[in-house]
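Labels run A, B and C following the written order; every chain starts at residue 1.
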Amino acid sequence: MSLFIYLVLIFIASILFLKRKQIVFLFKKIKNEDDKILQEDILKNIYQLQKQNTICKTETISTRLNEDKVKVQNSINKLQKLNFVNTVDEEIHLTESGKTYALKIIRFHRLYEKFLADKTNLNEKTWHKVADEIEHKLNQEDAEKIAAQIGNPVYDPHGDPIPSSSGELPEKIGISLSEMKHNEISVVLHIEDEPHNIYENIVNKGIYKGIQIRFLGIFNNEVSFYANEKLCSLSLDEANNIQVGIPKLEKIHLGEFKKLSSLSVGEKGKIIGIAKSLRGQQRRRIMDLGIVPGTIIEAELESISGDPVAYRVRGTTIALRKNQAEKIYIEKI
Amino acid sequence: MDSKSNREKIISEANRLRWELGENLYDTLMETIYNNASEIANKAVTYSDKKSPFSFDRTLDKILTSKYFGIPIMLMMLAFVFWLTIVGANYPSSILASFLIDFLHPELKNIFLSFNIPNWLVGLLIDGGYLSCAWVVSVMLPPMAIFFPLFTLLEDFGYLPRVAFNLDAIYKKAGAHGKQALTMAMGFGCNAAGIISTRIIDSPRERLIAIITNNFSLCNGRWPTQILIATVFIGSLVPAYLAGFISALAVIFIAVLGIIMSFIVSWALTKTLLKGEISAFSLELPPYRPPRILQTLYTSLIDRTIFVLWRAIVFSFPAGLVIWLISNITIDGISLANHFINFFNPVALIFGLNGVIFLAYIIAIPANELVLPTILMLTVSHLGLNDFGAGSGVLFELESIEDTAKIFQAGGWTLLTGINLMLFSLLHNPCSTTIFTIYKETKSWKWTLVSTFLPIILGLLVTFIVTKIYYLVH
Amino acid sequence: MSFQEQKLSNNIQPDCANCPIHNIGNLKKLGINMDDFDFVVALAGNPNTGKSTVFNYLTGLRQHTGNWPGKTVTRAEGGFEYHNKKFKIVDLPGTYSLLSTSVDEEVARDFILFGQPDVTVIVADATRLERNLNLTLQILEITDRVILCLNLIDEAQRNGITINERILAKELGIPVIPTVARSGRGIDDLLKMIYDIAIGNFKTKPIKLKSNSEELNKAIDEIVGLISVEFPNLPNKRWVALRLLEGDQSIINSILNGELGNIKI
């Protein structure tokens, strides 16, 4: 008996002890990490500014980061000592090692966003924020483990290429959505996730990476187009934050986009595509089961409440929930 | 050296191509493979034009998932399985008990004593270890040996995925997977088996939910406690001719409460602890296949028998030793058990329970079956009632309900104690086998701890509230 | 022995439903005793196709079977002896595909690629062949020594589905053995074929995937070219190239540390 109590006590004590240790640990970390986060953010920002060929000074960075100028200057001085940046006439430039470091942080950020998209249920609007924090906490080893776990992705969920672990990064491709021509058909390649409010507006309109666009035109500063053949319009600012193009392995579909969920029992359709918003394991499992473009599919059985519905695919019966069937496009036959 | 740079070049070239190809590689690949597959299948497969394939399956599916018959058929099947388990287990259970406990136990004791083995050692091994094993086996084995084969037959036939299909809508609302209905049904037999069966859920989040909430299925080892307590405390509230019916209703109420709890907890988990976990859904409805009755019976019987026997020995033997020891080792002339009971009585009263119950639940961590006999034994020895039982630290069960009621009365039990014991029996930590299984299946201490402590906290909370209300009313 | 001849001798006649099945003369079930073995056999296939039933039949063990996709999750091993050769047989977890990042699929994929079984038996459900061919075609990209065990033939017959296994074998380039694992029908033919392939009496010529995507083919060819320089003897370069395009870490590692060079035909 006493053994039981004893064990329970030890157990509780060890939990408390562990917690305590962790708390102390956290305190220490935050103290000396404060500066690390700022330094890394500065490197990242200089990299981005240089990419846009913008001249980069202390003020530019401090306004971009919304941080005190003195503090920023302090950190830049430290970075200079570490030989990550050099300053010529107040203009700050990344050194080779500074660029490598910046690319590393960008890699962590985009990797983590991809991880969140594929392996968690977090809302797409929070990916960026979470990744912004995690990018400073990851070490090389953990990052590579995450990468391996999600199949070493080369694009993040917004369509930005992820720098390779050796620091290679391709040029961005595609044109801005607002530059498209009347009746041109293209595919959304990239949605800029900053500033956040614009990104949110785009997401709220149901636009996602991989959706097919048929362009109509710009009327009164409103950009009009069909997204998967559904009429849609965005402001110019929003449209400028979307890049479109046709990836090499893309199949363009001309004609109507009907949802699988619109089939009633006994009706048949032919699958034309699966929305890219069906991601990760979920997407792969559905395709593994034979739900791929070109497949004939028949609604066979409705469950008692009407959701899920069982479909006949390639000689098998697969039940899908409504929220999945809504992301599978078909044409009726 | 050269070779190394060659290898690196392969990797970086592949990377470059991946950027170039974009993200449709998997889609393109799957499309390619399935195109090839259907081309080949079209050449090799011919369908008879007399009947369309699986027309029997389709007809059966239409009935089993129909709006009007789907649920009633399911409930009837379930009721049948439970009825057969409970009724059918009675007889073998009492045979096992009379053989292992009434006959073999004194025999063993005599044999040991005749070898001049010291009295205390015989007490420890036979009255402690052996007896608790015998208990677990005779209470648990027969119902399991009936329940699991029946379940396996339904599984073999292909009916279970249809149940998941029918119930998925409800489970989806709680953030869970329709297949959880089946892992929970399995849990009515044994929570450890229920947790192993969550392997059929291939989405990580839904699987964790199913694991954590499986304990809310009132397992086989807890039914006897429920039935006895309901008979003694609830049944006695109504006229004799209604007693059986009302106490059965009370037990069913507890089981249903468990199901409701599992929904609430599932839902709460998806909103809190499991918020970010990924979820995926796919459910294949396999064709119906005629089950192989004899082989199924044989396999699941043998499988479960070994499982139960192993568990009885590994887990209930030490528990038996502990029971015997704490009732027989004394400090200042008072047994350890009584020290504990006296100490915890005031705390337990807050929850409308008592020190005996607390102690019994700690001792019975290895097996829920042990709870009831331990409570009886501890009450008797705590009160020093000499005309009951078989000596201190020896498990027993009484022949008649009246005797049991007398013991409870002497122990100061009230209706509240009875109700709260039933609630606590539903809402407390899983048994150690189940905890161990949870760890094996999740490989995570965090989830093991959550599954262990969450129900205890809920149990204490519920009994606390019930106690408050009870005193308000009385 | 040529492929066609072999096929003919293995053909199950419909009337064999009544022929004695329990006299598989040279089979000795070894249960889990397989300390030293001559050959390794892998059992792969979709969930719920009868893999465990075949496994149990051959080894005399009692792996849990059930009409429920996803029953076998961990890998089971057992052994049998046939014509004085000892075989270790591994029941892999049932998977629909080998291309994903799920644990089950990784186990199955890595075992077939790096474990290099002497024979891989794919247990397929005859009533849903098309879906089962998905996995089959993927495995054929990895290894040549494959047998397709066309199980559940009784179910297929009951539902009016006929499969011409000769056409199927010709299309796939591997032997196809129709079986009813539940009753043991066809298992002796399967055993004979496992034996023949293991000792090298029989050579297969599996087909490879044809993609009609120019871009994909070009990319694969390019990587295969690079791989050929470094690992000229590698039998499944196309598969490795595909896995690289999918970012498979275990393949990347095995290229970087040169382990891939150890894989032989």
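The rule is short, and it goes like this: a residue touches a chain if its C-beta (ideal position, glycine included) is under 8 Å from a C-beta of that chain, and two chains touch if they have at least 3 such contacts.
Note that this is a predicted model, so its numbers are computed, not measured.
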item: Both-way neighbours, i.e. chains that touch chain C and touch chain A; value: B
item: Chain whose Cα mean lies nearest the overall Cα mean; value: B
item: Gap in Å, rounded to a whole number, between the CA centres of chain C and chain B; value: 38
item: Centroid distance [mean C-alpha coordinates] between chain B and chain A, Å; value: 41
item: Residues within chain A bordering two or more other chains; value: 154, 248-249, 281, 284-285, 288-290, 314-316
item: Per-residue multi-chain contacts in chain C, two or more chains; value: 97, 99, 102, 127, 129-131, 134, 213, 215-216, 246-247, 252
item: Contacts with two or more other chains, residues of chain B listed in rising order; value: 18, 20-21, 25-26, 28, 30, 34-35, 38, 53, 202, 284, 286
item: Touching residues (chain side chain C, partner chain B) in the complex; value: 47-48, 62, 64-71, 73, 97, 99, 102, 127, 129-131, 133-134, 136-138, 155, 159-165, 167-168, 171-172, 182, 209-213, 215-216, 219, 222-223, 226-227, 229-230, 241-242, 244-247, 252, 255-256, 258
item: Residues of chain C defined as touching chain A within the complex; value: 96-97, 99-102, 127-131, 134, 213, 215-216, 246-249, 252
item: In the complex with chain C, residue positions of chain B that touch it; value: 3, 6-11, 13-14, 17-18, 20-21, 25-26, 28-30, 32-38, 40-41, 43-48, 50-54, 152, 155-158, 160-161, 199-200, 202, 284, 286-287, 289, 291-292, 299, 302-303
item: Residues of chain B touching chain A in the complex; value: 12, 15-16, 18-28, 30-31, 34-35, 38, 53, 58, 61-62, 65-67, 70-71, 165-166, 168-169, 172, 178, 202-203, 205, 275-286, 322, 325-326, 336-337, 340, 359, 362-363, 365
item: Chain A residues within the chain B interface of the complex; value: 1-5, 116, 118-122, 154-155, 161, 164, 166, 168, 170, 189, 210, 247-250, 274, 276, 280-282, 284-290, 292-295, 300-308, 310, 314-321, 324
